[in-house]
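Presented below are the structures under discussion, each in the form of structure tokens.
Look at the two complexes coming up: chain A is in both, with chain B in one and chain C in the other.
Let's turn to the complex of A and B:
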């Protein structure tokens, strides 16, 4: 069965890709891909770029690890009239911003992306993960906690609830949290007794915000704030913090590849999406190459392949059965891990981001 | 007071001077050790007691400075080994050396060696504090660089002194990050780019900078100061401003994201260094030599290469080295003017630090530090040679 799907995918990819290329005339032989570096970019190199290169040996693929400042850089490029990137990996919220500003190209998902092996059109296969007209979803990742398993002061107890992060009595020690309000305020309210479905309603009010900050105040002097995904793994490995939040793939790398005494705390993990966008205003030949690459790199098999190298869930429904069994327990979407989760609320944060960012910075400085 | 003002060679009071001060230093070390183990007060008291005992024993039984110092180090190292294994051995040895030296330095009256006999106690205190502060500044400048070097031999994927490393276990050390640097295509590409960009930028800055310096040293050139100020401005204007300006300008004329663009940008940054060093050598240049050369029938070009160039060569070379290091270390401008195809070593280190804290960066840093030390040593040797040639310093 699996073999059949594989063959079907391969055939569909080959035919689809060829037909697409033919209809678009000349294609540039240089492709600049922008991503996040680290283990994540490695998984993309292995799952997408290397097989693509094998099919098109003439194409030179250049990687730029600039996704963290993609919005600012695309704005500058647009202003200077000189777009040097072809395909850019961004988080969903950045894709929404870039789309609103007209910096990213609108995508016709059914025409430009491969259908599922059983013929389901791409827009249905990705479903509600297409959060913007310009966004081509790739993976579902989560921001969640990891904790050290060898903390003597905990007396053998291990945290199994996100609110244990706020419990300095039972689980003393330094924590690391991301240096931004997103996720931290939600966790704080949840642990202050707000029901999950009411979190954003409460957070809209001044009192609700004060309540969230008050909850964070209880652990503030024990928090080390991180801004790069690699910080928490480093701090956990050092023993400088005993529990810390970061992207689940980074923790997977820390636990499975680096064999550090750390475990996952999946409770109340916050789901988010990451995917490709194509900048607006590319010349014809480069656009053709970018579209050809994206068609290939987001088909069912390729997305499932990526999950071999990093523990992020593929964005297509049809990819899920193809994920290798040994990776399944590490996926944020695994039923065992996803008992209690939160989905990052893009629309709400789009409205409140600036205000709460300012309040958060002011609170940090207090 | 009278106990402190001792003539050279006689010992100051043991109980009123040497023992309390050594005890204070011991207390300081004890405080450090104690706070690492959550026993601040106990550490302070124990450290002070050990310090006092050390001073007394040394002054009584082993007043010879060299032997006393090493004997203390040995005793402390043994104590460290018994209480904290190999780590304790090293730490104990170092602290013992410092304590032994300090106690005997006080006891022997050597602390007055650097000041005249008539100096008051306050002057002596100031003299030694001054030396101490200088040492501290030096330490704070150097320590971060020194720490990087052993960490780059880490066997793990993190910026961490692992227990194995602290125990000096060979298994805790490895060359894997150096191996990664020399085999990883990303780093190799970055190294290739740096090696292609820096020499080209250096060559350009040296040719243009030397010519500019010679031109500006001629008295008849109008607006010399203004021109000089403009040429030096890349050194003064904040780098990020130059970088943003270059980004938009180079984008317009199609130089952004090209090899030539990065070389030009780095040359602009390097030119001020060349102008400054060459102008400095030209100050001592005797113009009558060029007139003598001209009177013998040599044209200006011939005069330049045969007479002027050899004499100002040390300035040109040290300017070139500064220009080279500027280009080789530069990250801001290349992030703007370059594109992913021109990724240089500092660019790769910058993204590597942000996205993935890998000790490969430390390995590269160690290599670069070594390279910089070699280059700067060369500059210093050349400078001395040039001064010697011009008779400004003896031998």
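Let's turn to the complex of A and C:
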């Protein structure tokens, strides 16, 4: 209770400070945004940065493509006492870690972010997607599979179930999977007959882990392990693998823009979130600018705009109707695609990540 | 020996030489200015040395500040472990009296200390950081701290504040508390309360609030209750609020109480697990060998040092693999580089220049471009496999697996590191006079004997230099194994990078890095003993 109040006062002070700075023209004219590069960052440039720049021509926006190492770099910046970033795009699990370490600022979503056009406060509009006090959700993406449609050995059959990835008889050929335990162990257990709601309970036990690795063993010699999101699209395009997991936006690009003979397998796609955080300890003028940008860039229209350029679902409920029709079938959140899904379990993985990663690496090396 | 242009004896100014002549055989030799020659020489030399030092100082300071100091700092992290004692100072002190081997969770005193520590840590947001740290040692600690952190502010201990306030509403008054807690001697009367009050002040300072305007948190009242219930000698205190305190001391016997331990157990039953407390106790010293043990597949447990379970042992294997593959790559570089360097040094200048450019061209190309090129060449649907299939050497269904394994790493890294072997070899071979070979042959040696007995021994320093360069570069290589190594061709450096940027276990990364540095230094020393570092020539 006490803490809530303290929090609210802190937030109110921050807001007051920002509003004061804004009204007195004390906003910094430089804004450093950190994102992932590639098609995703382009969609942010078009949907957020360019319109913002049009409204504030004096502001210089600098992009840094360091999101993959954001947590490590922010930690180093914090230790050095010199934070050079203003707004950082990170996945939800990293936002939680940054919040845990006190490296990201706590956000009062209702006060700092725009309400929906009908007046619904931001915290309701984002709903459960606010997985951390520091996290400003932006998009919903998923890790899912793509497969080649021209594999002769498959005899015209196409996979429609995630467990087809483990079926080497019907669907022979190489697969690509991410070189980390997250997602792979869940899929393995699910395809070994574990009910979706029991996956994490089973995975907590030694036997459950052994079971998941045993299932992965059945396809291990047919797997190429990827570590960059661009790997699977490349491997699929080259015909190196016939089926592989990656982020759905990457597959969208491969299918729609590069016109490769590849289709999506949406079954058991794993939902994850991506959004902004603001580093802790920014000077007041930079904080004011960062908050001003985030207020603009996460309103209902802007989030819907981003979906024009990349097939990731906007995090606001109120943005969904504004997504252009031709993009809807490519959205992971489209009802047709989201029949059978799994939500990344942040808290569970925060506990088991180190442990299972060591086991996973040892298993890979065997 | 050349004759000096000016004869010292005809010169006007005295020289040290004159001094020698002047004082021959009489006491200590003095310089022209009358000082002993030894001192004078030393002075002159010192000035020389200082000047030399002044010249290299900018570089030296630069290297110290930007290279040595960060590395030393990073290496220091491999043993540093102050976070536990810093975050939970009272708990660490209270745990000293607890015996892990008793097999039971600690008692109420430890939980009371932990309650104050955790309350402060939650307000300052350091408890999750500690949870992450301890999660390296025991899975589940991260969520245990996070979950308990959410609950610790809502413990049933609020009944103490209410009961004190019922005695006298002034107990809810921050200003009255301030007065009482800043009176001299209060620490000896109410030790736990005074300590909790310090935590409370730090929390308020962090929030920017004035303690005179805030009612203290529940944990302060809880500690006050504990002090009074233990029979604190309140009569020894006569500062502000002494009456209030005396009244409270008389009344606490009738207070409704709540067990802090039970509150924690209610928040999460794992707090009743002695293993959890064993881990906290084991990792409470400010320095720990834990990271180094983890780096060699051992772990520090309350029972002592144990082996990691077999399915988690990776580091020793990775170190061995890194060393083995670096040796193979060095060997491959010698085999491929030696003939090229020989050609370079023996061909006429015009031809060898063109050849030199061919050697240097890849050297000037970006590492990533070269590595990616190997991906295109080596993959199963790649150029090399296509050609082999087209030639009929390989069956289309059984294309060779040349990438995402050790083969890929060895091929790509040999190519990338080859110039580092060829260049030192070339510069050494260039200095071997061709007449030696001709002489050997004219004395009746065969081509082979002449090469093996005369030419090769002279080129050994080049091999040594090239091998050291290639081996040391290979052992710390990161990006190429990451891209083409798959699962069986990655190095220990890939794990270090993972712990730096992904898992954020910088302590373990530092320990792995320190061991790697140690291995390189030992190998260098061995090399010096066996081959001799004087036998290494870069040109």
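Observations
Operating definition for what follows: the second predicted complex is superposed on the first by the 341 of 366 C-alpha atoms of A that agree within 3 Å, B and C clash if a C-alpha of one lies under 4 Å from a C-alpha of the other, contacts with A are read in each partner's own complex, and residues count from 1 in each chain.
Heads up, the rule we're going with is that a residue touches a chain if its C-beta (ideal position, glycine included) is under 8 Å from a C-beta of that chain, and two chains touch if they have at least 3 such contacts.
Note that the coordinates shown come from a computational prediction; the quantities given were computed from them, not determined experimentally.
Overlay on chain A: chain B and chain C clash in the combined arrangement.
Shared-chain residue A:343: touches no atom of chain B or chain C.
In the superposition on chain A, contact is made by A:238 with both chain B and chain C. Once the two complexes are overlaid on the shared chain, A:195 sits clear of chain B and of chain C alike. By the touch criterion defined above, A:55 lies against neither chain B nor chain C after alignment on the C-alpha atoms of chain A. With both structures placed on the common chain, the touch criterion links A:26 to neither chain B nor chain C.
When the shared chain is aligned, chain C comes close enough to touch A:71, but chain B does not. Residue by residue along chain A, chain B and chain C are tallied for touches, and C comes out ahead. Of 24-32, 186-194, 204-212 or 384-392, the segment of chain C running into chain B after the two structures are fitted on chain A is 384-392. The intersection of chain A residues touching chain B with those touching chain C, taken from the two complexes, comprises 68, 238.
Partner chain B is touched in their complex by these residues of chain A: 32, 34, 36-39, 41, 62-66, 68, 76-77, 79-82, 84, 228-231, 233-234, 237-238, 258. Chain contact summary for the complex, chain C toward chain A: residues 122-126, 128-129, 131-132, 135-136, 139-143, 146, 153-154, 207-209, 217, 308, 311-314, 317-318, 379-382, 404, 482, 486-488, 495, 500-505. Across the complex, chain A meets chain C through its residues 1-3, 6, 9-10, 13, 68-69, 71-72, 75, 97, 99-102, 174, 179, 224-225, 227, 238-240, 347-348, 350-355, 357-359, 361-365. For chain B in complex with chain A, the residues that touch the partner chain are 156-160, 186, 247-248, 251-252, 256-257, 339-341, 343, 351-352, 354-357.
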